[in-house]
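So, here's a batch of structures to check.
What follows is subunit A paired twice: with subunit B in the first complex and subunit C in the second.
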Partner chain A sequence: MTIMEPRKHGDASDGTVGGRQTRFEGNLKVTGGATYALEYPVEGLAYAILVQSTIPAGSVVSVDAKKALAAAGVLMVLTPDDDMGLLVASDWGGNRPENQPYYPLPRQVQYNGQSIAAVVAESREQAVEAARLICITYEKAPHVASFNDTAAGEGKVMDNLTSGWGDAEAALAAAPVQIEGEYSTPREYHVAMEPHGLTVKWDGDQITVWEPSQWSHGMARSYSEWFGIPYENVRLISPFIGGGFGSKGAALAHGAVAAFAARKLGRPVKLALTRPQNFTNYGGRAATRQTIKIGATEDGVLQAIVHRGASETSTYADWPEQTGAATPILYRIENFSSQHRVVPVNTVTPGALRGPGKNPSAFGIESAMEELAYKLGMDPLELRLKNYADRDYQSGKPWSTRRLREALIEGAAAFGWSKRSHEPRSMRDGNQLVGWGIGCGTFPVIQAPSEAMIRILRNGRVEVVSGAIDMGQGTYTILAQTAAEVFGIPVDQVEVHLGDSRLPGSAIAGGSMLAGSILGAVHKAATAARDELIGLALNDEKSPLRDTGANTLTFSGGRIAVPRDRGPSLTLSELMAALGRDEIEIRRNTLPEGATVQEQHQAWTTMAKVQGPTMGEYSMHSWCAHFAEVRVDEDFGTVRVSRIVSAFDCGRLYNPRLVESQWRGGIIMGIGQALLEEGLVDQRNGRTVNNNMGDYLVPTNADVPHIEVISVGIPDYGASALGGKGVGEVGIVGVAPAIANAVFHATGKRVRDLPITLEKLI
Partner chain B sequence: MRDFSYLRASSADEARQAALQAGSVLLAGGTTLLDLAKCGVMEPETVIDITYLSGLGGIEVDANGARIGALAKMGEVADHAGIRAAFPAVSESLSLAASAQLRNMATIGGNLLQRTRCSYFREPDVFPACHKRNPGSGCSAMGGITRNHAVLGTSDTCIASYPGDLAVALIAFDAVVELGGRTVSVDDFFLLPGNTPERETVLKRGEMITAITVPASAAARNSTYLKVRDRQSYEFAAASAAVGLEFEADGRTVRDLRVALGGVATKPWRARAVEQALIGTVLSPETVEAASRLAMDGAVSHGANHYKIELAPRVVARAILKVGGLA
Partner chain C sequence: MTRTIHLSLDINGRRYDLDVEPRVTLLDALREHLALTGTKKGCDQGQCGACTCHVDGSRVLSCLTLAAQVEGRQITTIEGIAAENGELHPVQAAFVEHDAFQCGYCTPGQIMSAVACIREGHAGSDEEIREYMSGNLCRCGAYNSIVAAVREAAEMA
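Showing the complex of A and B:
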């Protein structure tokens, strides 16, 4: 457990919910005091390194490890010949096949860069060198490198993602104005600064895993199921994460390999993926393509949208990167049809990456809307406002809150949109063509039950305890603010303990669902603890507040008092001392009353109890509108983003400073997606050849312009207990189309395939 | 990474002697060497650290030109007031290269000897075929992803581009590499791949770069380095140009013009045809554009790098117009 000391900054109001408190763990991180998973000083470590396939498909005939085993320092080589005796763990939904063996180093090769062997040695360098001495004989099989390969075929329709109402085809055919475009996005990767990896140690049949995790409980469950040990025997520790972006929510094969090696050797083992291995050991965002047809009246009223999309998946699992996720809910649309396919190719199964589904979906629909605006000769802002969705036409439900109109209007005002000249290529600054574009985004409000513990200590400090994760988004800080508010104490009187599967259960730090979920639990537990304290203070004979005749107490300015100053006031520590109590500990969860222990376990360790955006009476989402200005060098085709204004409706903001930082982070990733990021796959062998940070480009500081973010949200108590909606994912959604639209406005060239690299514009 | 022995050279002669051994390499800033050792491309048995040697650093600039010690850091040279005044293109080529961290580590000698960024060169386990790494084994890049490969100076064996920036500026201004016993012009220092892509320079085993000298010229004083790439910073050039220009006394007629290209050729590329076409003429945007196209004489594309043939002349033209006061 790590104890957080808050930074003292700003005024007292910063410490309560909604205040701009700086990050609790900020000092530790910038001074190097935060210990990450691969830095834990564990005695007697052995080092493991993975060996990955260099072919895209086939099987491992034999692994000759003689030379590697004879190399200096080598302790063990694991290959597909080793039966580790593991069992397949549950999927995210909690479904688990009975007694099915799990081979983290499989014989079947399904993609280039798949882990098929591991070497464990006294040092990492020795392990790396020995790994190169391993000789693998394959039997090759034909492969499909990408969904552009003709052998890939059309893929399979995902029935659960097929959606429609009205008669879209007929309404489209009848519409006087029609546009059609095909939009595509390449494979994109998380490239978190901290690589994946873990340090793992067994004590008998108890296992401790230090591993960066977006979900300590869910990942602990996988370890327990793989190894057939009780859940309680696993402790997964993850107080800090150097970036996850969706990649660190599940335990992966390398975790099983390291844990097995540690058990077999009877020594703790550390395994870190190399940077190239971070491109193939888990999936990034799948490549997508989609066609969108829109029919409209001459004055720009949408009549129909027909959407057909596809994304790559692996040959062994279906992971859809839903190109139709944002399409149905951004605009008022009476006739709609959408279908999404997955196309199996020889890749690692893709995974969630910031704004999954919504992100490529928004690239399609928001590009198409601007194409329509130009076809109509209409201001793209006006077109969007004209077709504003008064309700969710897909679910038929009213919005809980939807301030996308305000986002568009206030964003446009801050950006100066009214000064725009409509014609492409009509704005210029020397060699630079200047363009403006809009892109809207959305992300659903998802929630999961969570649990939290509050401890009031005799020294007057309050502890918030939860297994929830802070991967930089601010969990430590906002939980401290919540407790500080409930107890009316300064935030530096609160300690927060997070990132440990032994602590109370929590929703995953993903899908923008953590803050809304865990804050509800912490608020509930803190309120219950305060009520307990009030009860004691009013009833305990040792309490100086007992005979004041009050039936409740106030908590404010660090003091507990009788309402309207009708008696003494005490600090928390004075009251605890008077009561003779060492601590008051209260645990609460947000499951329905009377949930069984099994139900609780299921709630924390699977997604079975996750609530989607339309499961209640409302349709609940975060919204945003991005306004981008680009400068395109006419001769060179280079695009530089010179300004971004983004307005967001994410409901109530628990800490605007941290929220703004998340929005900006999402926008910066969106700049990378728009202009730079693309996994380059060699069609001949399915290898991602730019598998390093020198060649897979993400924005540098020099690529990031001034970004102005605006909040237009209002508290949405339908969406969460404290009124917030998700903030983490939505920031990236809509950025790429805003930039692509601005590039069109600047140059007159419509780039429908990301990224917009210079050769597409010269 | 393979075990290697580490030798800290106490004199230049000791370093040269040690470097005569097969499997020995010199270590300067290490930013190329360690990177490639981790990739399994370079497998030194002995690493001879020359960074403790005295007399190999230093930057001197006088009326005749500049002498830059092999161990001078990229960052130091970029920021040197004398270099900035007399050779702006040299300074800019360095400040636009790599990142601040790398520029603080990397040396000028090592910089010249950086290796190609061809992805196929860098992953030996996955792509065994690479003539440059393993002569006779083939070329994995041809038929693969070639967006960053060269369009000039390629051969049937290798199309890898020379990625560095500094050498492009040096070649434009007739810089000379000092190798202890002998000197070679930067132009002659680098070799075309031909049938021997594994031989990239004329450096012999046991030789060491001790310094680089650049003669002063009016063209060098009025020079620029223009680097074009998708990312604003910290990326190799899609195409770059080092250009220097001197006018006749009339202030309009070109007396001297230097043009070199980067990011598009297998070695730093001097574009003499462009220079010849414009020397003695009065510049106009049209003549510059037409002449700049001559830089691509003999260019061959290999698929995705085709855009370089279009892009590079535009970069050259912009750079000429800039130093000519027309842009």
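Showing the complex of A and C:
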């Protein structure tokens, strides 16, 4: 991809790391020139449509496809009767059962909305029509629609999520002030604007998959394992992706179906899921509930926290939405106990959605902290500062950097918190009750290795090449800035190639781990390429810089020169021409020296090499404090968010313009979570009732006020090579409790289950 | 149903001839038959606004419009609003400058809505812009920047 001329130029430093460079691929996106997965021109396409189950549990007795097969244009119908000969692929960690068959269109139905048949036709319209003609006979089995179903039971304890220290129960019992609350969050969905789907084409035993992906290498691995072909035979292409938020990190059943259909038909297949099908082809955030008990002294010093949580999972996999993820690390706490259960129900296995774990966890603890503040008659800001955690009490390790105090203080100042009147219902504007609330958030620094390639071309252009993904976080831009800085050239002299499993491997665009990881690799490769060029320039007999006596060279203002010297200076293209070189290509990764090819493959295609926040000497996290103002109509109970100020510690920001956009995006998703978003399940049949964008409400432009975001971070070189911590996930964490707390302040009503809809307030 | 009809569509000032089934939407005609993929499919149900185009200057949801309905009318898509020399339309330029998008998938629809919103005279205040841009969802949450971009482009218009 080549950058086009941006309209305005800011400061020259915009193009270096930390600058406010406009989005590198911006012109492609505003002109319709960015090509997403279903938009590649492929000759001879056939179109596939999925048919999903309409019962929540049981088995498929028969599929009558006669009418569908007789319909115009229909090429093929796939059902559970078709043995596709596929094998189960590895899980996230790279673990794989041996020779276990994989049935992407299974006979056993485990949830309503499971893919069980597919129709392939000459046109999309014909496939849609024929899909309606498929007649399925089921044998129903008893089902559990949700974890509120009496048949759901208590579920099972996740031992790896049980933690505790001190004597929480005793300290709680002895505490003079105690509060207890049960907090719950519903099923929530990613609703990325680009639906799932793919185009797939075989050439012999080579397969090309155009599919939106948060992880090109990891998903390519799944295709190779399903079909029993070498990894090198798979090429997954995803240079642009229309939003992911956690939903596009794994290859899914519909991908296997499309690839099988394409192989069987001997022609390329495009499979697009309908918007409703997107709600069950991959799981959103699991519904959660948690009980929090806090004991404190009368002057507000925390004595104990006891936390018990649960989340829904499917009947075939344990996916915990960790309600105890933020609870142990936000405050100084000597006595702590936490346990999390998963409750199997007939749903698709839930998945990671922005701020997984930390998000519902923060809703619990940050609501509970304000409940404690009101019980004590204490300013919630003062209570938080009073119990500020000087270290990580869970791991016992010191923080790498933690500027949550600064976030609270600077956020409060910008918000005007000191003008607050403490009593609920004490601030109003006409018939609107006005309320203010705080919610803190956190997300761990997750580290992963990555690889990148730098090419210096004879024309003086520098290419950055990586399989990493840009789904809107700004990967293109910050990689261009990194290379531009290392070579002292303008950003528009850099080209960035991303989103292809044939390119060097990279961390997933998820868990806020990509930027820190891939920037480290690109910086390392670019620095090595520059060193190589310096070596050639100082030693090659054809170089004009050879006899300068210098032992290094400077790269600045687009020219290469001897330090502090008025001697010759050359552009990159002049130097490459003088050296007679067409190209200098350097590939580097951030794995330990001497990693084998096998270890490299494992690193790029599994999570096996990923490191958590406390695996080193420090405990490393991003932090934030949100301040929300709501206005509640006294008569109707309608809640509007009228103002938000949020202060963040995400370490060094590689591009503040893009970071601010991501923070605001997370906050807006948090507004949706607080007030609008709720997957509704029909208890009779386990169906997701509101499986579309008109009934599953996400925030619109009119729902969102101006959001002020503030950075209070400092570089954290323990967290990443260039000093940043994650920015994408943390923005949503703490928003919902800030709004719930503001609603309490406005109305005196504590809403403990999201979303806060008007019937809960009147 | 396999019957096709012949259509001659005026898109971005150019004539396109195609043979499609009568049930093909304008959105699918653009994306699947004419390789004009700048117009996006987000929901195919008229709920998200990603497919917004102009027909005779007014915004329409192309997923709820049959291709056959717009014969003889002027259709404008995201590919048709920059100048001939490639210079961006002021709304496009303002979107880049204000970082009014992240993933970019809702962006063509947002921009087509914004161009019409300004032309309709509905960009007089931030509140008005928010209201008249609310038919276009953005899950990345670029709303603040979209409002800023529309305001700036409206001031220049």
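Heads up, the rule we're going with is that the second predicted complex is superposed on the first by the 752 of 762 C-alpha atoms of A that agree within 3 Å, B and C clash if a C-alpha of one lies under 4 Å from a C-alpha of the other, contacts with A are read in each partner's own complex, and residues count from 1 in each chain.
FYI, a residue touches a chain if its C-beta (ideal position, glycine included) is under 8 Å from a C-beta of that chain, and two chains touch if they have at least 3 such contacts.
The shown structure was predicted, so the numbers you read here are calculated from the model rather than taken from an experiment.
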Touched partner set for A:112, first subunit B, second subunit C, both or neither: first
Partner chain(s) touched by A:174 [first = subunit B, second = subunit C, both, neither]: neither
Which superposed partner A:675 touches (first subunit B, second subunit C, both, neither): first
Which superposed partner A:706 touches (first subunit B, second subunit C, both, neither): second
Which of subunit B and subunit C A:714 touches, first, second, both or neither: neither
Subunit B versus subunit C as contact partner of A:27, first or second or both or neither: second
First (subunit B), second (subunit C), both or neither touched by A:762: first
Which of subunit B and subunit C A:638 touches, first, second, both or neither: first
Broader residue contact with subunit A after superposition on the shared chain, subunit B or subunit C: C
Touched partner set for A:689, first subunit B, second subunit C, both or neither: first
Subunit B/subunit C common contact set on subunit A: 72, 125, 129, 694, 699-703
Residues of subunit B that touch subunit A when the two form their complex: 1-3, 40, 117, 119-120, 123, 125-127, 143-145, 147, 228-235, 238, 304, 306-307, 310-311, 314-315, 317-318, 327
Interface residues, subunit A side, partner subunit B - complex: 54, 72, 112, 125, 128-129, 132, 276, 431, 633, 635-640, 675-676, 680, 682, 684-685, 687, 689-690, 694-695, 697, 699-703, 755, 757-759, 762
Contact set on subunit C toward subunit A in their complex: 1-2, 21, 23-24, 28, 31-32, 35-45, 47-48, 50, 77-79, 82, 88, 92-93, 95-97, 99, 101-108, 111, 126, 129-131, 133-147
In the complex with subunit C, residue positions of subunit A that touch it: 6-8, 22-23, 25-36, 38-39, 41, 72-73, 123-126, 129, 190-195, 240-245, 272, 274-275, 471-474, 657-658, 660-662, 664-669, 692-694, 698-704, 706-707
